[in-house]
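As written, the chains take the letters A, B, C, D, E and F, and residue 1 is the first residue of each chain.
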Amino acid sequence: MPIIRIEMFEGRDREQKRQIIKEVTDGFSRATGASPDTVHVVLTDVSTEDWGRGGEAFADKT
Amino acid sequence: MPIIRIEMFEGRDREQKRQIIKEVTDGFSRATGASPDTVHVVLTDVSTEDWGRGGEAFADKT
Amino acid sequence: MPIIRIEMFEGRDREQKRQIIKEVTDGFSRATGASPDTVHVVLTDVSTEDWGRGGEAFADKT
Amino acid sequence: MPIIRIEMFEGRDREQKRQIIKEVTDGFSRATGASPDTVHVVLTDVSTEDWGRGGEAFADKT
Amino acid sequence: MPIIRIEMFEGRDREQKRQIIKEVTDGFSRATGASPDTVHVVLTDVSTEDWGRGGEAFADKT
Amino acid sequence: MPIIRIEMFEGRDREQKRQIIKEVTDGFSRATGASPDTVHVVLTDVSTEDWGRGGEAFADKT
């Protein structure tokens, strides 16, 4: 009954999101033997203005 | 001082969100005896393209 | 298909946790008309040393 | 390798977000001695309709 | 720079956790072309007393 | 009314956690002008077996 949450930079299109949901579910299933039907995946888009490392937003990195 | 976070499919209108905040807070309070004033609720809308089960986005399920 | 996550101070016993899961699920269901069977609840215990407000851990408040 | 996630009311402009990422990263670094380069910060804007306390959305408090 | 968080029932041993981290990272990388080096995975064990569906903890389901 | 959640490697002692709560709260307050009294901080310890990057748990990196 796993719940997989993925935060990533915004900008992936619908087809890439489909692939992410599929590949990550299959990967978890291969690793554990869990049925894919029990695996939830929730994607969250994050703007580069809202994500920082080293004290600086990625939007400001050059 | 509980924090209750709810991820759900997008599309609830403002009145339904009011009801969710009220009912969930009251439910927690009844279960624990905690004062409703200490209960935070944060709602997050998730698109059906961003939520998958069984390796497939809900947007693609027929 | 909502997922409800609750962070609260540690120390609730198993019976209280049962009540929280039941009451919060029923509250969400009443507010939205969603079937309780689709509602997930995940509880997280937080130590008072790990939770602060006003810059001070609750464990240190007198 | 800490990950710092901040939920706050929406409405901060880009310059304030820059300051939040910088100040919170520096604060964590001062407290722990960790290099700022290892600190991730992710900001999440929450609408006052989606955040409640005491069973009432902040949008409805007068 | 994705962050992948996985909540699952407690009880996986260290070798299974290794496999989960590896397979999920590779799956994300295949789907997006992102370098595995940028992918963080954080696992969270959840007790069956702390996870409910349909208003009932999994620990109580027969 | 911000909520700040910090995931970090386990092993910080109580005094370091006090400093983290204090410094991060003050940093947020300086950046935004918000009163420290409104700032919640929740710390989460993560084992190096449960945190991976590049498909490998930190516990296994040499």
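In this text, contacts are C-beta pairs under 8 Å (C-beta built on N, C-alpha and C of every residue); 3 or more make two chains touch, one makes a residue touch a chain.
Because the structure is a prediction, the values reported are computed rather than measured.
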Over half of interface residue numbers shared between subunit B and subunit C means same, under half means different, so which is it?
same
Comparing B-D with A-C, the one with more C-beta contacts is B-D
Can you grab the rotation angle between subunit A and subunit B? Superpose on CA, round to the nearest 5°.
120
Farthest chain from subunit D by C-alpha centroid distance is chain E
Could you work out which chain's C-alpha centre is the most distant one from the centre of subunit F?
B
Going by residue numbers, if over half of the contact pairs line up, that's a repeat, so tell me which of B-C, C-F or B-F repeats C-E.
C-F
Interchain centroid distance [CA atoms averaged], subunit C/subunit D, Å
21
Report the inter-chain centroid distance for subunit D and subunit E in whole angstrom, where each centroid is the mean of the CA atoms.
25
Could you say which residues in subunit F touch two or more other chains, in rising order?
1, 3, 7, 22, 25-26, 40, 42, 51, 53
Going by the touch rule stated at the top, which chains touch which?
A-B, A-C, A-D, A-E, B-C, B-D, B-F, C-E, C-F, D-E, D-F, E-F
Spell out the part of subunit C that touches subunit E in their complex, as residue ranges.
14, 17-18, 21-22, 25-26, 36-37, 39-45
Give the list of subunit B residues in touch with subunit F in this complex.
1, 3, 40, 42
Residue positions on subunit A within touch of subunit E in the complex are 1-9, 12, 16, 19-20, 22-28, 30-32, 51, 53, 58
Subunit B residues touching subunit A - in the complex, by the definition given at the top
7, 46, 49-57, 59-60
